[in-house]
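Sharing a structure with you now.
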Amino acid sequence: MPISDWFKAREQRRYTTPTAVPTADVPDGVWVRCEGCKRTLYMGDLERSEMVCPSCGKHHDITAPERLAMLLDEGSFVEADAGMRSTDPLDFTSGKAYVDQIAAAEERTGLNEGFISGTAAIGGHAVVVGAMDFRFIGASMGSVVGEKITRAFERALQLRTPLVLVTASGGARMQEGMLSLMQMAKTSAAAARLAEARVPYIAILTNPTMGGVTASFATLADVLIAEPGALIGFAGPRVVEQTIRKTLPKGFQSAEALLANGMIDMVVDRRELAATVGSLLAYLGSGDE
Amino acid sequence: MEFERPLEELEQKLASLKRVDVSEQPELAAEIGELEAEIGRLHQTLYTALTPWERVQISRHPERPKTDDYIEALFTDVIELHGDRLFRDDEAMFAGLATLDGRRVAVLGHRKGKNTNENIRRNFGSPHPEGFRKAERLMHLADRFGLPIVSFLDTAGAYPGIEAEDRGQALAIAECLAALSQVRVPVVVVGIGEGGSGGALAIGFGDRLIMLENAYYSVISPEMCATILHKDARRASETSACLQLTAQDLLRLGLADEVVCEPLGGAHRDPAATFASVRGAIGRTLGELSPIAPDALVEARYSRLRAIGAYAGE
Amino acid sequence: MPISDWFKAREQRRYTTPTAVPTADVPDGVWVRCEGCKRTLYMGDLERSEMVCPSCGKHHDITAPERLAMLLDEGSFVEADAGMRSTDPLDFTSGKAYVDQIAAAEERTGLNEGFISGTAAIGGHAVVVGAMDFRFIGASMGSVVGEKITRAFERALQLRTPLVLVTASGGARMQEGMLSLMQMAKTSAAAARLAEARVPYIAILTNPTMGGVTASFATLADVLIAEPGALIGFAGPRVVEQTIRKTLPKGFQSAEALLANGMIDMVVDRRELAATVGSLLAYLGSGDE
Amino acid sequence: MEFERPLEELEQKLASLKRVDVSEQPELAAEIGELEAEIGRLHQTLYTALTPWERVQISRHPERPKTDDYIEALFTDVIELHGDRLFRDDEAMFAGLATLDGRRVAVLGHRKGKNTNENIRRNFGSPHPEGFRKAERLMHLADRFGLPIVSFLDTAGAYPGIEAEDRGQALAIAECLAALSQVRVPVVVVGIGEGGSGGALAIGFGDRLIMLENAYYSVISPEMCATILHKDARRASETSACLQLTAQDLLRLGLADEVVCEPLGGAHRDPAATFASVRGAIGRTLGELSPIAPDALVEARYSRLRAIGAYAGE
């Protein structure tokens, strides 16, 4: 998918802040405006710095394929479970019919679901890896996302290979009802088994990671990394605001707030992410050598 | 409850008739008899074809028996254990040891209050992270000492507040899920009222799920779902149906193992009968699970979770 | 020791609040004044209610022998390690010479050190048990107390019998310097071994339990019980007050505050303590049956 | 430092003499030479017969190298890991991963600041419960992944504040002690400055204890001890001696394994030399410990603790 289409697709997001739109006076997709500093940037420059604004450091959201391309050693990725697709087990029709939402998301993203996984290498270290794609119905966790994540944990366990997951999700997928909620338990149980076997698991929490994903497998990692400015939490900010009837403090649920609150290990600039993960793998993998 | 209004009207009419001295107005006796029959019929109609949204309302009825009531009615030798040993004792979560017909177990449960004061202390049954961390502590204790876990679900959800978020609501729930998946003792979950999302799930899955007839369990509250889909919480009746959140739905989906019938009109109409049914169901279930070896139990629990989900493609 | 001598001995305490003194107009030791409600009580009544004021519920401090008599099934106690006595490894002479302090404490209490332990039964359940005696240099943990506690853990492990410890202590015994501090590590290591073996350990924290005792074996129990009103903490209240230069909140470091702060499982009236511990042992011991 | 005052006076005199142009006043050259010799002799006298109290003062010298300095000087590929995953990231405690001459280890350390701002953020090196819980988390991580633990001690003690007590300072320390006793990896402790009581011990025992020449480690601060015994903190010099808290005392008592010599006058007079010595000591110690099997390591650590204490009677 060309990056310009991706900007259009962003409108579907529920939790993210808008980041960049084409300016009116230049050709679509060539110049974009950074939502951090409001400067107009050449798209090529933004892409070369991994969609981090070279001027203000704002981390713009990226797709799962882009994420994997940035994080993994070139050519090392072999996709798994690629054919899995969502069905409509509850025949969910309130609002836009779920089947239509799935079809639209497939069409828009060219993906079969909101999570891509497989085996690869990072800095020369073999890994099982996965990344969520927020464009696909908010990368919400329904049966397929839950199953693919569970399989990634099981693959890491079977191969005794470290697992690296990149999250971005609105939470559980309500259109699959309780089947979705139970994916939280299923993925957490798989994570607990991997932990018991002392196979390293590193999670990279990106903007936004919320609800049932944060409250299950995503935060059960040995090392929790977040990208700068990422929104991470359980309840969405609007729900919290409505509950307490107060304005939320600045930076609430930001990666930086979570770091200060002791909830994550570190906030890492995307441009240093591959190197940091590689370095961590060297530490955590050393026991098995 | 809204759907009970026609019934209430008839009952009020009946009550006013009954205040009259029938010996002075003998023609009233027949009228009373007729009214009582009508009430009986309406009762039957209303409560035998309850919609999902009506069941949600019953599950939230202020007089519905709560975790405390079940603990008092079902168990002996109850010892409450307090605190997460980290930050605070969360009164929205019960944790303790108790005995059911001679069987020693660990008990967890969301804790709504009986009155406003109690509800404020218990945050209306919505735990903060420290509530889940207390529950997790009890899970490990039960695991250490071979005590089966009986867990009562009755929460609108984990509390969505600033402090709850700051203290790691998501992480606390995730840790519970991991712990619950690995405890080497039987885990019996009983949905007695509301089963609100992650806050319910944190103590809400195991080897068996028993649901009361009018309890619900849902990925999201019907109102929130309606707000997101339609920007209108009043369409909760519609989303209740779509979400398939009733005990009957869960049984059909293979997520619940047993639905315990309630007295006509809901558990609050005859708590004693409800307690007897629930006591029987828990006792039977513990009896089934107790001979299973710990390894097999944990393996079966994982397989059970592993099978949940519907998808196409390999 | 007669209870009247014990009231005299209380003057030696560092951390406790005074509780009862003989009144002027009645024979010494027969009538005492409750420090909780200031009422004059007949000593016999106070003793019959296990030194809990029948009027206001104030829990008066008791000695280790009294504690064991109240808690254990009659005649079940067999003392262990009774002969161990403190030496003066550092030749500590600042202030009153340590050797003289030990001699005075022995004289005053009739005990060899501030901790008595052995095997016994509670409500018919076999236990390894121990109780600290605050009269003996504040039941501070030096080499002997640390060693005896460690042996109690090891005995419980060897016998696979639940351990019940009653604490009351000012903390580590400064007159034995680093040898005392290391008893924290030693007793905690022994507690960790018992926990690993899944043998139940119940701690009863009584007034006062402070410093190196609270910060080691005392709080590593499976179930933590405290007596009403007991002062329990790490730093002494005076140290905290001097550090923060503010008045301490009412109830600071009280058993009730610790309960609200999630630090202990329950606050139990002394008169119900034996029954509660017996009941807990039935629960925690059931796995081994 | 107080005991250095005579030396400082001579050094000031020397400095003022040196400001004079010697070519104009050649007789000064001799005087300067004499003064330098005297300074050298005084240096030797002062620092070779340091009293325990003088060593305590050196251990607290504001320019003394701190945990951060050792980490920067000794290690490569340092990755700091933040947070207890419960309440707050405590900047008074360092936790992270690092490499010492090719050896990958986990690092812990009390963290004093270099200036007032940093010291306020780091609470002058006195952790709250969340600092100890972060350390405990790292201990478990190191254990899981087979990383030896290197721990730097430099704290006046755990913070004695209201919030620290409310959040379970004692419990947090106790959990560290239990965890540290059971980790199945080598634990090397290095006393670099202050070793204040339970707050130091929480990350302060293991398979080997290396003490810098002027570091101390004590059950109680000399001042507090003097306050308790004499109601007079100024008698700390006396209690310092009684408490036997110096590196040399610990070596004699069998609690420390090695004393690393410092440059004359203290580590701050030549940090580079100090780093080189410490690096060598840690490297050698890790080398000794790394071939030992985990079970044997844990067993030996227990035996080591088990042997501590002096008593009469069986």
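Each chain carries a letter (A, B, C and D) given by its place in the written order, and its residues are counted from 1.
Here is the rule we go by: a residue touches a chain if its C-beta (ideal position, glycine included) is under 8 Å from a C-beta of that chain, and two chains touch if they have at least 3 such contacts.
Predicted model only: the values in this text are computed from it and were never measured.
Peer 1: Treating chain C as absent and keeping all other coordinates fixed, how do the remaining chains group by touch?
Peer 2: Taking chain C away leaves a single connected set, one piece.
Peer 1: Give me the set of chains touching chain A intersected with the set touching chain D.
Peer 2: The common neighbours are B.
Peer 1: Quick one: which chain's Cα centre is the longest way from chain A's?
Peer 2: C
Peer 1: Taking the mean of the CA coordinates per chain, how far is chain A from chain B in Å?
Peer 2: Computed value for the inter-centroid distance: 33 Å.
Peer 1: With chain centres taken as the means of their Cα atoms, state the distance from chain A to chain C in Å.
Peer 2: 53
Peer 1: Between chain B and chain C, what is the gap in Å from one C-alpha centre to the other?
Peer 2: 42
Peer 1: Residue numbers in chain D touching 2 or more other chains?
Peer 2: 85-87, 167-168, 171
Peer 1: Please output the residue numbers of chain A that touch at least 2 other chains, ranges allowed.
Peer 2: 261-263
Peer 1: Indicate which of the five shapes (line, ring, star, complete, other) describes how the chains touch one another.
Peer 2: It is other, because the touches fit no line, ring, star or complete pattern.
Peer 1: Can you name every pair of chains that touch?
Peer 2: The list of touching pairs comes to A-B, A-D, B-C, B-D, C-D.
Peer 1: Please name which positions on chain B make contact with chain C in the complex.
Peer 2: 77, 79-90, 97, 104, 130, 134, 141, 144-147
Peer 1: Inside the complex, what are the residues of chain A that reach chain B?
Peer 2: Within the complex, chain A contacts chain B at residues 81, 83-87, 89-90, 92-95, 112, 142-144, 146-147, 150, 172-174, 176-186, 188-189, 191-193, 195-196, 211-212, 214-220, 232-235, 239-240, 243-244, 246, 248-249, 252-253, 257, 261-263.
Peer 1: Contact residues on chain D for chain C in the complex?
Peer 2: 158-162, 164-171, 173-175, 177-182, 197-198, 201, 205, 217-220, 224-226, 228-230, 235, 238-239, 241-245, 249-250, 253, 255, 301-302, 305-306, 308-314
Peer 1: Mind pulling up the chain C residues that touch chain B in the complex?
Peer 2: Against chain B, chain C makes touches at 198, 200, 222-224, 259-266, 276, 279-280, 282-288.
Peer 1: Spell out the part of chain B that touches chain D in their complex, as residue ranges.
Peer 2: Contact set of chain B toward chain D: 85-87, 133, 167-168, 171.
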